[in-house]
Structures are given as structure tokens and as C-alpha cells.
Amino acid sequence: MRRVRLFVTLLACAGLIVALAAAVLDVAGAAVSSELPEQLRASLERSGVEHPVTAVLLNFRSYDTLLEIGVLVIAGMAGISLASTNSLEDPALRSADSLLYALQRWFVPVMLLLAAYLLWAGAYRPGGAFQAGAVLAATGVLMRLGGLPMAFIRPGILLRLGLVIGFAVFLLVAVVGALMGEAFLAYPATMAGLLILTIEVALTLSIGMILLALFVAAPVTDEHEPEEGAGS
Amino acid sequence: MNGSPPLVLIAASILLPLLYPLLAARPGWHSISRGALPLLPLPALLLALLSTTPWTLELPWLLLGSTWMLDELRRSFLLLTALLWGTAGLYAVGYLGGKHLRRFGVFWGLSLAGNLGLVLAADIVSFYMFFALMTFAAYGLVVHVGGNHARFAGRVYIVMALLGEMAMLAGFLLAARDGGSLLLAELAAGIAASTNGWLMTTLFIIGFGVKAGLPLLHFWLPLAHPVAPTPASAVLSGAMVKAGLLGWLLTLPIGEVGWQSWGQGLILMGFAGSLGAAVFGVIQRDPKTVLAWSSISQMGLMAVLVGAALMAPGQVSALLPVIALFALHHGLAKGCLFLAVGLVIPAGRLLQSFLWVLLALPGLSLVGMPFTSGQLAKAAMKGALMVLPNVPLAGLLPLLLQAATLATVALVVRYGWLLWQQLERGTIPASRWLGWGLALFCSAVVFWSLPTVALVMSD
Amino acid sequence: MSSALLYALAGVALCGIGLAGFLLLNHLLRRLLAFNLIGSGVFLVLVGLAQHRGGPDPVPQALVLTGIVVAIAATALAVVLIRRYFHLTGRTSFKAESEGDGGGAGS
Amino acid sequence: MTATALLPLLALLTSLLAAVVIFVLPESSHRVRILVNLMAALLKLVIVALMTWGVFHGVDFSVSFTMLPGVSFMLRADALAMLFAGLSAVLWLFTTIYAIGYLEDSPNRSRFFGFFSLCVASTMGIALAGNMFTFFLFYEMLTLSTYPLVVHRGTEKALRAGRNYISYTLGGGVVLLLGIAWLHGLAGDLAFRETGHFQGADPALHGQLTLIFILLIAGLGVKAGMFPVHGWLPQAMVAPAPVSALLHAVAVVKAGAFGIVRVVYDVYGIDFAFMLGLLQPLAWLAAFTILYGSVRAMAQIDLKRRLAFSTISQVSYIILGVALFGPIGTVGGLVHLLHQGIMKITLFFCAGNYAETLGVHRVDELDGAGARMPATSTAFTLAALGMIGVPPLAGFVTKWMLGTGALATGVEWAVVVLLLSSLLNAAYFLPIVYRLWFCPVAAPWPGERRWGRLETSAWLFWPPLITTLMLVLVGLLAATAFSPLSWAQLIVVRMYLP
Amino acid sequence: MAGLLFTPLAWASLSLLLDFRKGRCVSWLGMVIQVLVSLALWYAVMERGGFSYALGGWEAPLGIALRVDGLAVTFVLLTAAVATACGLHAGFYLDACKPWQRYFWPLFWFLWAGLNGVWLGADLFNLYVSLELISLAAVGLVALGGEAAALRAALRYLFAALLGSLAYLLGVALLYGRFGTLSLALIDEQLASCEPALIVALLLMLAGLALKTALFPLHGWLPPAHGIARSPVSALLSGLVVKASFYIAARLWLELGDRLGSPWLAQSIGALGAAAVVWGSWLAFRQPHLKQVVAYSSVAQIGYLFLLFPLTFAVAEPVSLLAQQGITLQVISHALAKAAMFLAAGNLILSIRSKRVDALAGVSHFLPFSLFSFGLAGVSLMGLPPSGGFAAKWLLLQASLASGQWWWVGVLLLGGVLAAAYVFRIYRASFLEVGDSDDFYHPPQSLEAIPMILALLALGLGLVAEPVLSVLSLPFEVTADVNEAQL
């Protein structure tokens, strides 16, 4: 039975590969008559950033990005909703290893710097808020694993505020545009660059927080809520 | 309504007995409701006496539109019904105990209403309605006494009555279609004209034959009549069986040409019943059963007369009064005989012999003694039958008639014998005597002054 | 055949392999990895197919970036759930319980 | 909105609103509930009377709006509608009164009366429905609103009966829906019209139309309790007596029978249905059901079950009348719709009285009940005689009309069926009557209760007497204007002479 | 317009900062706004017909456009109604003392935002992101509270959702590779004839979406997830979330199906739907737990939706319209009825303190209101008049008959009967009388009223089906009028 299942599954996957490959080749052979690249080039200067990917991400298709951040916030939220601890640091992991500690003291500022650079560079070359946020989160992970105290981030309200700040700023900008008579998510052409930078900064912070929170959140509480209606 | 009695009288003659159950059903009013029994048919009697000319009454709002009428034939039946129920009612006042009195009163009233109504009804639906009312209510009278006998008799009665009703209903349905009219008067013509005439005639002969005790349809009669309380037996045997006869007269194609063989068949059936009943009757041990068989026997003779009317369209006008006369005679006499069964012989010797003479009187009348109603009826019958053209077994007719008389004699003798043996000695309420006496009076005296009789005698 | 198309075909292969893994593996983490494999395959197809002729197209790159973030979010959430599930039940797969009646049997 | 449009809606809403109010009322507010019940019933009676008067004088009461693309919700009061509406309005009043007494001191009254009113609202909707779609709408609503009534007692037996009931009726509903949908696909939205819609339809469609007809009749036949889909009816007898009365006399079986009348006359048109050769088999089926129900009834010991089989038999009279293809037969069938309702409701009231007052449920426990409960027993006797077809009671008028109708169209065998059925009716009713009046009380009553002066509670006492009076009067005064018979004749005149 | 997208997201972030009680107050305010905005948008579409809305001022293909047509606003309004009801119910129903309940509100709002995104989306990739938003929020809601069974269900749900999304995205990748645009409308314009690669793409997308919609035989994840979640969450999931992926599938099919589909494909999808109807109903009938019954009923009801595929493929325009209207009604009525049913089931479970069906014995004595709501919702599921379910069934019947695909008639009718079987099973259980003791917990009036209102809406939908459906056929103007659209 198992063998049959294995065989069938493998066969199906092979079939999928063949079909997909054929489709890919078929598509590759067809002529594309899209005006998208021209439009993109034409609109790039109005976008407020120079790098096309960032422009697409944060201006042309900023709605996608907004929702994407929403997804991240959800994940972070769902993560901490399951967590029993509110703190980002784990006392059990606090290390007394002085070498590691010293190393970290060197690494952390460098990584922070790197994050800032990535963020700034995003405007004209590969980089941007997500990359910066990821580095930020990595810094946090490192600090946690290394046992650095992170008391500066208060659990609870501050944590949640951190989670949501990027998203909130993004949204605020979006709606301000709408209130000023533009479409939802439209930036005034003159301020586009500045606004995008603001959003990116806030996003970086939030993304870092979320990824860190997700890393931390998973310990377990022993407290059980009785299932719905199961009686006391 | 041409010269008819006041409407209120017509209404009262039906409604009084019909609504009487409401009075009878009241608990605690025993003496009043019992006392009212003989009064119930009084309006009807008055109506019959006052209606010197035929009248017709249209009641289009009732049922499917109904018509009531009273002609000579009906008047005669109405008289019989009213008289007999009245006397039996009077008798019942003294006869009934307290037990189930209310129930008896209810069914008595309903049966009476049905019996009176069917006489007055001139359209199919009303007739059928009253007939059914009488049939079903009489069941209550039959089983009144209770016990196994009564229950068995009741079951036989109701089954046969239902079969009769169904046959009747089927006949009426067919007749209504083919005749295109709901009036009884137009029934005969409708039947005669229809291709289904044979079917309808058969259905009617059977349907009413059950009530009239035609041979093979008679089984219920010797069972039911004896078990009923005596006054009820009297009306069952005296009045209600006559409803069957009236049904025949009203529904069969009498007066139409071409029903000779049917008439002949009916005559044969009638004689068969008349003679056969005597054979069974004389071996009975209960005077009431003997009387029941005697009723079958007498009804057989009446069936002979109906058959004769069916056979000879030309003679109808002569035959109808004869039939009415015979019915009247038999009803009154039979009523007397039944009521006598419930009597008690008083102590005084002289009184006893006088009483026996009186007791014998209706019996002798039945036999056809001179100066009795029976003699007149028999003579009329013989006269009417003898002049008929091509009667079957024409030669045998006198013989058959004599045989019938003989049968009657045998039954009456047997009845007298049983009565002699079984009649108790003691005292009974006066109203019983009064009822019986009144019945006897009607049969022996009033009879002669009744309009129908006068009509026949004047012929 | 351009190199971009090669990427796309590699992505196709990844999809197939990932799907097989997803369907055949029981361990939850492995399934999650298989899912990530499929995800990578899809992104490769998306980017590779779109820019197999001529210059880079920034739109699919941006899409893929978004897709990656979404995938990361989902993966992270899944990891949290798996860890907690493991902690509560000591199980690393669905198999242990009877199939089809997962919701009913609560504490 | 004019009065002509408002009245049908009002007729519907009186009981619908009553239902809502009753549902909302707390269980303990008996007086308010009784008041609401009675007021609604009276109000409805007045409205229906008004509409009847209007219809008689040719006023067109109708209201409609489009519900779905191509389908409209349509209420319309024609003469036939008023026949059924009148029946349910009148009998609702008495059943309500009866039910108030019957359920005194029993739990779940709020629920009961709520669904009860809902049930009547559905019946009213069925009566006033102006097309097949609307008819179906209320038809299914009826199914649903009667279910809680059937299972009201909540016993295992009641629940089983309820399941049975719902399986049958929903199954029938599905078949009916198929038929209606198919018909709709074929011919569009069909408003009921007195001569039908298919006069001179394309012969190519005849096959389909025949099939649809069979579907429709099969679907409706379930509720009408036709053989062989009558199985739910005797089982549903576990319901409280007023419910049985309602199911049998007014609502459910009548809805089925009424639907068949609508389909035959107002959708297909009698001539067309005859031309398709559909009426003959229908008549046979009805005739068989009549006899079958009667024969089965004889074997029942439980009083209500006996009445149930009697219903199976009696409702098919209506269908027989419809299928006889003739105006007189139709009159008979239509008038039986009412007459059977009055008679059957009386019988069930009486059966309920015996059960409630004496604790008697079986026929053989009834010995001597006539002396203890004369009024109820009189009512029972008269209703039973009416069922047998004894003149001048309601049943006789029906039988007479059916009989003459059958003969007029040359269907002589139907008369034989009628007579045979009358005999069978007598065979299972008369023994009961005999026991009531002529048998001595054999044993103490299983569960006797006493109420002051009357033989039973006043709520229970009067309804059967009033319906008995009605069943006598509708027969006795059949020839007057506004009697059921005259009304049925009016309908038939409008049906046959467009 | 902006409000529609903005409010849920803003409220999501706002409520994240608050605890459950404060979040509740804030959320109720938000719901009011959402309902008003939805109504206004609906009214606008009623007045002017549909329009297209370019986000950020960037027209497709460069930017993301929203398509605001009759269908979309109908669903937006439906979402507003159902979500509001669930939100109100949840406010009373959930235990405010549990610390994790605070996360209910943000997840709830994100879910709502995602749903609106799907209804209005006209960009294939944006739809993907919206779907993921919905999926993750839904998974988060299921897992909320974090006990083992819930986690298990949530994980199964998550895996299914992710796999489905990726399959969909793969299809999108192929389409983008072929057309260089993500706008569904533009693809529709450029698609001239059938190409095998595009069929593969369509199949992938449909398969992914079918998995997310829990089409038989891919339904395994749904009953545990919907059954284990808290009742308001179940109501949201069953009522709205599964419809989102179906909505996308239906839009794809209606836009591209006529060229990329084949009778074979249409019929087999229909057959799967039919199988879902039968199998789901049967399983629902067999479930021992109340909410599992309702959850399996969702599987069955979703099956109906997939009859859209055969009934709109290669049939005359009016027939296709009938089928579309029927399916739309089915979506709406199922959303309302199922939400009502889950909420009522939640109330019932609260009062009997057990999840089992047979524990319902005697409850009809004391809790007729919730039971009544349950029953009314059941009426719609059974497809009995005058409910929306009936109207839908009627239209589908007509469409089946008119298109000559009579075999679906059997499915539709059989489905109704089977639904009756499981609904009446519940009723039967509750009508059983077991003594007079009232040891049931009586939920507050507000909890009872909400499912009642939803059930009545579902029931009355059939009566007003015509006006509801008339919105669907409003004209769609491609000329976007951005300014007026700002609400």
C-alpha cells in the first residue's frame, strides 16, 4: 500500500514536472506584447526612487507591499498570541561566556550599521526595508542567543507597538494621500521620495521586530483553556 | 301551496319529533319526556286530517332543494304512521322503566321524524334522508334492551339495512341522472325511458325490499322485531315496514307500460313470502316472533299488490287505494297485536273473557273476519286482483289467496295460543291499557272513518 | 535557451520535488521545508520565465520579494505552531491521530 | 397599495405576525397568548369573509412581485382559493380554541402555538398562492412548520413518527420541486388560470408534460396521503389531537389535495389533462386509495389510527372528484374538501376529548362513553354518520355529487367504489358508535378527569359541538348561497365556462 | 473606497494595541463605519454602475487596479453584514479574561481587509497576497488559545492553504510569463485562443483554489479547522473565507474559461462538486459533534458552488447568467445561513456544555430561540422556500434544465434531501423530552439575537432575490472616476 502510494505520488509529481516544463517552454516560445516595461521606465522618475524594484514595491504596487506587511504582522501576532512569555530575552540562555560577549559587542553595532545602509541603498540599488529588517532581526537573534539583555524593548504594549508601527505608518501615509484628494496609496509627486523613506524606516523597525518576535515566540504555557462548552 | 294547511303545522309535524331528543336527552326530566311521547305525532295526525286536498311545498334552500307534498296515497300512510306511533307512544309511557329512558326517547323521536318525513318527502334527496334517518335511528330501538340477542339482531339489521341503503342510493343516483330530475314523481317516467331501467328497478326492489321484508331480504325482521321493546316492535312492524312499501310505490315504474314481467316476478315473490313465512312462523315459541313472521307474510301480500300494479298500468288508479287500505289495515292490526304481548291479564274472570275477545279482535281482523278491517281489505284485494289481465297462474290465483288466508289463520292461531300460555297475571300502568285500547279502537272503529277507507268503500 | 529559462526549468523541477516531499513526508518540519522548496521553485519560474528574453524585469522581482516575505511569514508562523504542537503532544506529524476527525477530540 | 392587494397579504400576515408574537412571548404569559391567538383567528376570519364577499362579486384580489428572474411571488384570491382559505380560517378558530384547552398546563406552549400559527399562515398561503412557485413556497413552509407539532410530545415514538413524516413530505417536496422547475423551464411562470395553460399545446411537448404531471401528482400525493405514499399519516397520529385535527382536516392532506386540484384545473386545464389520458389512472389510483384506506381502517384498534386511515380514504374522494372529468364530479370533489375537513376535525376533537377526559385511546375502551360524555359522543356519532354518507349530513352531499358526477360522465364503476366505501366506512365507524351508546361501561376509565358542570373542559366542549352543527348545516342548507356546495358550483362555473 | 480598504487595516493596527474589552468597543465602532461605507459603495454602484479604481493613481498594468462592480459590492456588503454579526457575537461570546483574546480583534480586522481585497481585486498577484492575508489571519484565529487539537487543525489548514496559494501563484507566474501583465482584464483582452501552457496555468490555479475552497476530495482540512475554532471564528471561516478562493476561481473561469476550458474539465469539476454535496452531507449526517455536522455541511454546500463550472461552459448567455445568479445567491445565502448556524451552534454548546449532538436532548424545552435560528438556517441549507438557498437551487435547476445538463438536477435535489437529513437529526435530538429539569445555561439575549437575524436574512433572501440579483447585472464602466470614488 505504501509502495503504491509512493509510486503514484512520484508519478504524479513527475507528470507535473513534465507538464510544467512543457508549459514553460511553450510560454517562452510565445511572443509577449506587453507595454509594461515601457510604462515602468516612463513612470520611474515620478516614483520618488531610482531603483525600479523598490519603485514597484513601494510605489507602483505599494498595495501589495502594504498587505504583505499585514501578512507579516499577522504572523507575528499569531506567534506572540501563542507565547507564554512577553519578554524577548531568555534568562536561561544568558551567557557568561566573555569571549562571545565581547564578540557580540563588536558585531551588533556593525550589523545595525549594515541594516541602515541596506535601507538607504534600497532607493537606487538592490536592498531596502525587508533586507534591512532581516538584518535587524538577525541582530536581535544574535543578542538573544548570546544572552545580551534586551530590556530596552519592553514586552507588552511596546512590543505590539513595535510590531505594528511600520504597518501603521505605511497606512497613515496611504490614507493621508487619499484624504488629500489623491487615490488611496497615492503619494504626492513632490514628497514621494521622503514619504517612501519614512515608510521604509518604520517598516525596517517593524520587520525586525516581527521576525524577532516570531523567533522568540514558541515557548509553551501549561495553562489550558477548556474547549468550547466542555464544562468546568 | 294550494289550499294546504298552515306551514307551521307542516314544520311542527316533522320538527316536533326531530327536536324531541333535545328534551329527552336532558337528565332529570324523565317524567316530562316520557309523558311527551304520545304527543309527538299529533301535529302530523292533524296535518293528515286537515289536508283534504293534495298540496305541494317547495323548500329550495333545504338540502339540494327539496319538495314536500301530501297526496291521497301519502295521506293514508301519514295517517297510519301518526296513529300507530301515537298509540304506541301512549303505550310506551306505561311500558318504559327508568333505565336508558333518555336513550330510548332520542331514538324514538328520530325514528318517528324519519318515518313521518319520508312520507311527506317528494324529492329523492329528502326521501332518502328521512328514510336513512328512520333506518339508523331504529337501530337504537332494536338494540335498546341489550344482551346478546339484541346485539346479534341489531348487527343483522344494520348490515342488511346498509345494503338496502346502498342499493337505494345507487338506484337514486342512476335515476337522478337518467330522469334528469330530483322529484320522485318524475322517477317512474325516467326509469321507463332509460336503458338502465332494469338495473334501477332491481336496485329499488332490493333496496326497499329489505325494509319490506321481501323473501331472502327478510332475515333481519324476525330477529329484530321481537327483541325490541314492545312499543318499538309495534311501530317497526306496523309502520316502518310500510316505509318500504311506500318506497316501492314511489320509485318503481308503476303506471308505465312494459314492466309486466317484473310485476309477475314480484307477485310470485310476494306469494312465496306470504306462504313461506307462515311455515316458519308457526314453529316459533315467542308470540312476537310469530307476529314478525306474520308481518313478512302480510307484506308478501302487499308485494303481490305492488307487483300487480307494476304489471297492469291500466289498473293503477284502482290498485293504489287498495294497497293503501291494506297497509292501513295491517299496520293498525299488527300494532294492536304487538302491544297486546306486553299486557297483563287482570284478575276478574268476566273482565278476562271480555279482554280475550278484545285481544282476539285484531287477529280476527287479520284473518279477514266479517265486519273487520281485514274483511274489507281482503275483499278489495281480491277484487282488484281478479280483474287483472293475464296474471301468471291465473287459475291458481284464488287458490293462492285462500292459501294465504290459511297461512294467516295459522299464524294468528299460533299467536293466540302462545299468548294464552304466556300472558302474565297482575297489574300494569293504566297508560299501557290506554295505549293498547286506543290502538284497538283505531283498528276496529276509527279505521272505518278514515278517508282512504271511505274512498275504497265508495267504489 | 537562455539562462533565465534554465532557471525557470530548475524552478519547475524544484516544484515537482517539493510537491513530492510535501505529499510523502510526515514530519511536519520536513513538510514545511518541502513547502519552502516549492515556494522557491515558483519564484524561480516567476522570475526566470519573465525575463528570459532581454533585460531584467523589475516587476517580477518585486513580486518575488513580496512573495518571499509572505512565505517567510507563513513559514515562521508554521514553525511556531509546530513547536507548540510538539510541546503539547510530543508529536511531529498528523499521523498519530486518526484522520478526518481531528477537531472533535479535544481535551 | 390598494385594499385589493392588501387584503390577501393581511390574511397571510395575521397568523404570521401572531406566530412571531407568540414566539417572543415568554412561556408563562398564558393570557396574552390566548388573547393573541383568538384575536388573530377572529381577525383572519373577518378578512377572509370580506374577501369571499368580494370574490363573489367579482373583485380581483391580487398582489405580486418578482422574486427571482422570471419568477414572481403572487397571491391571488379566486373562488377556489377562497374555498380553502375559508375552510382554514373557520377551522383555525375552533382548533385554536380547542388547542388552548387541550394543552392547558402542558409545557412548550409557546413553541406549540407559534408553529401552529405558522402552519395556518402556510395554509393560507397555499390557498391564496397565485402560481405554482408561490404554492410550492408555502407548501414547503407547511412541511417545516408542522414538524415541530408532530414531534411535540418529544417521545421516542413521536420522534420516529416525525422522522417518517419529514422523510415522506420532504421527499414529496423534492419530486414536486422537480416537476415545478421542469414545468417552469418549459413554459415559464405559470399563474393559475381557470382554464389551464396548455390548451392546444405543441404535441411534441405532450410526452414531457405527461411526465411532469406525474411528478407533480406524485409530489402532491404524498401530502394528500394517496396510496402508496400514505405511510406517514397513521404514524403522525402520535401528535396531540388538535394537531391531528389540523393535519387531517385543514392543513396537510388538504394542501396536497388542493394542489392536485390546482394542477389539474388551473395549470394543465381539465380538458388538456383529459386529452393526455392522465385522469383515468388518477381516478383509478384514487379509487384504490379510497378502498384501501377503508379496509386498513377496519383493522385498527387505536382510535386515532383508525381515523387516520379514514382520512387516507376520504381525501381521495376529492381527487376522485377531480379526476372524474365533469363539472358535477368536480363540485363533489371541491365540496368534499370542506366537508371532509369539518367532519374529520369533529372526529378528532372527539377523539381528543375521550383521550383528555377519560384517558381513552383505544376503540375497545370506549364502551359506554356515550353516557359519560353525551355531547361529545353525539358529535362523534353525527360526524361518523356523515362520513358514511348519511343524509342530510355533509358527507352525503359529497357522495351524491360525486355519484351523479361519475354517472354523468359514464364512470359507473366509481359509483360502485363510492357505495363500497360507504359500506366500509359504516363497518369501521358503526361499531364505535355502538360501543359509545349501547355497551355498558366495562372498566373504570383509564384516566378520568372532571371539570365542573360540563362533561369536559369548556375549551374542549364547544368546538366539536360547533363543528357538528356546521356539518349538519352545510348538508341541510346545501342549496343556499354561500354554502360550500354553492360555492363549489360557483368555482366550477368559472372553471368550465371561462 | 479608501475607507473600505483603510478601515479594517487601521482598526487592525489600532486594536492590536488594546486589550480585548477596549478592542471590542473600538471594533464595534469600526464595524459601524465599515457597514456604512459598504452601503455607500453599494449605493454608488447602484447609481452609476461599476467602475475600476487605480490604487496609488497607477493604472494597470503598472499599478494595481480594483474592479468595483455589482458582484464585488454585493460581496463587500455581505462581508460587512456577516463579519459585523460575527464580531458582535464574538464580543459577547469570547471570554474577555483570557489574555490571548486580545489578538482576536486585529486578526479579525485583517481577515476582513483580506476579504475586501479579494472581492475587489483585479490583479492576479494582489489576489494572491490578499488570499495569504486571509489564510494567515484565519489560521491565527483557529489557533488562538493554542490547545493541541486547535493547533493540529490550524497546521493542517495552514499547509493546505499554503500549498493552494503556491499552486495558484505558479499559474500566475505562467500567465505573467506569457502576457507580461497581471491584470485579469488585460489578459482577457490579449487571450486569443487556447494554448496548452495556459491550460496548465488555469488548471494549476483552479487546483490551488479548489484546495483552498475545500472542494472534494481536497476537503480534509476544513472540518477540523471549522469545527475546532470558536464559534464566531467558525462562522467567519465557513461563511466568508472559503468563498474568497472560490470567488477568484469563478472570476478566472468566467473570464478565461470560455477559451481555456473544455467540456471535460467543466464536467469533471462539476462532478467533484456533486461528489462533495453527497459525501459531505453523508459525513455531516454521521458526525457525533454538533459543530462537525455544521462543518461537514459546509463541505457539501461548497460542492454546489462548483456546479458553476459546467453550467456556464458553452451554454447560451441567458443560461449562463441564470447559473451565475444562482451561484451568487448560493454564496450569499450559505454565508448568512452558515454563519447563523455556527453562531447558534455555539450558543447551543454554551447551554448544554457539551459538543455532542445527543446531549441536545430536551434543549428544545428551554432554548427554542437559538434552536430556532439553527433551524431557520437549516431551511436555507436544505434549499426550502422561501430561503435564499431555495432561490439559488431554483435558478440552478432552471439553468441545468435549460442547458440540457439534467444530471445536475439529481444532485441538487438529492443534496437538499441529504441536508434535511442532517438538519433534522439535530432537531430530532433536541426535541427528545428527558424530564423537566432546566439545567441548561441560558445565553444572554444579544447572543441569541444575532444568529436569529442572520438566519432571518438568509430566509428572507429568497423573497428579495430579484433586487439583489439586479445589482449583479449593472453595467461596468471602464472609465474610472477616481474623485467620486473617494468615500
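The chains carry the letters A, B, C, D and E, assigned in the order they are written, with residues numbered from 1 in each.
Just so we're on the same page, a contact is a pair of C-beta atoms (placed from the backbone, for glycine too) under 8 Å apart; a residue touches a chain by one contact, two chains touch by 3 or more.
All of these numbers come straight from a predicted model, not from anything done at the bench.
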item: Each chain counted as touching chain D and chain E at once; value: none
item: Required steps from chain A to chain D (each step between touching chains, minimum); value: 2
item: Set of chains adjacent to chain A and to chain C; value: E
item: Which of A-E and C-E has more C-beta contact pairs; value: A-E
item: Interchain centroid distance [CA atoms averaged], chain A/chain B, Å; value: 112
item: Chain B and chain D, separation of their C-alpha mean positions in angstrom; value: 43
item: Gap in Å, rounded to a whole number, between the CA centres of chain E and chain B; value: 84
item: Centre distance in Å when chain B and chain C are each reduced to the mean of their C-alpha atoms; value: 106
item: Multi-chain contact sites of chain A, meaning residues that touch two or more partners; value: 20, 24, 27-28, 32, 36-37, 40, 61, 64, 68, 71, 74-75, 78, 82, 224, 227, 230
item: Multi-chain contact sites of chain D, meaning residues that touch two or more partners; value: none
item: Where chain C touches two or more other chains at once, by residue number; value: 8, 15, 45, 49, 52, 59, 63, 66, 70, 73-74, 77, 81, 84, 88, 106-107
item: Chain-chain contacts as defined at top; value: A-C, A-E, B-D, C-E, D-E
item: Complex contact set, residues of chain C against chain A; value: 5, 8-9, 12-13, 15-17, 19-20, 23-24, 45, 49, 52-53, 57-59, 61-63, 65-66, 68-70, 72-74, 76-77, 79-81, 83-84, 87-88, 106-107
item: Residues on chain E engaged by chain D in the complex (per definition of touch); value: 322, 325, 362, 364-365, 368, 372, 375, 379, 382, 384-386, 390-391, 393-395, 397-398, 401-402, 409, 413, 416-417, 420, 424, 427-428, 431-433, 436, 462-466, 469
item: For the chain A and chain C complex, residues of the former touching the latter; value: 5-6, 9-10, 12-14, 16-17, 20-21, 24-25, 27-28, 32, 36-37, 40, 52-53, 55-57, 61, 64-65, 68-69, 71-72, 74-76, 78-79, 82, 128, 130, 210-211, 214-215, 217-220, 224, 226-227, 230
item: Of all residues in chain D, those that touch chain E in their complex; value: 23, 65-71, 73, 107-108, 110-111, 133, 136-138, 140-141, 143-144, 147-148, 151, 153-156, 158-159, 162-163, 166, 170-171, 173-174, 177-178, 181-182, 184-185
item: Contacting residues of chain B [partner chain D, same complex]; value: 25, 60-65, 103, 125, 128-129, 132-133, 136, 140, 143, 146, 151, 154, 158, 162-163, 166, 169-170, 173-174, 176-177
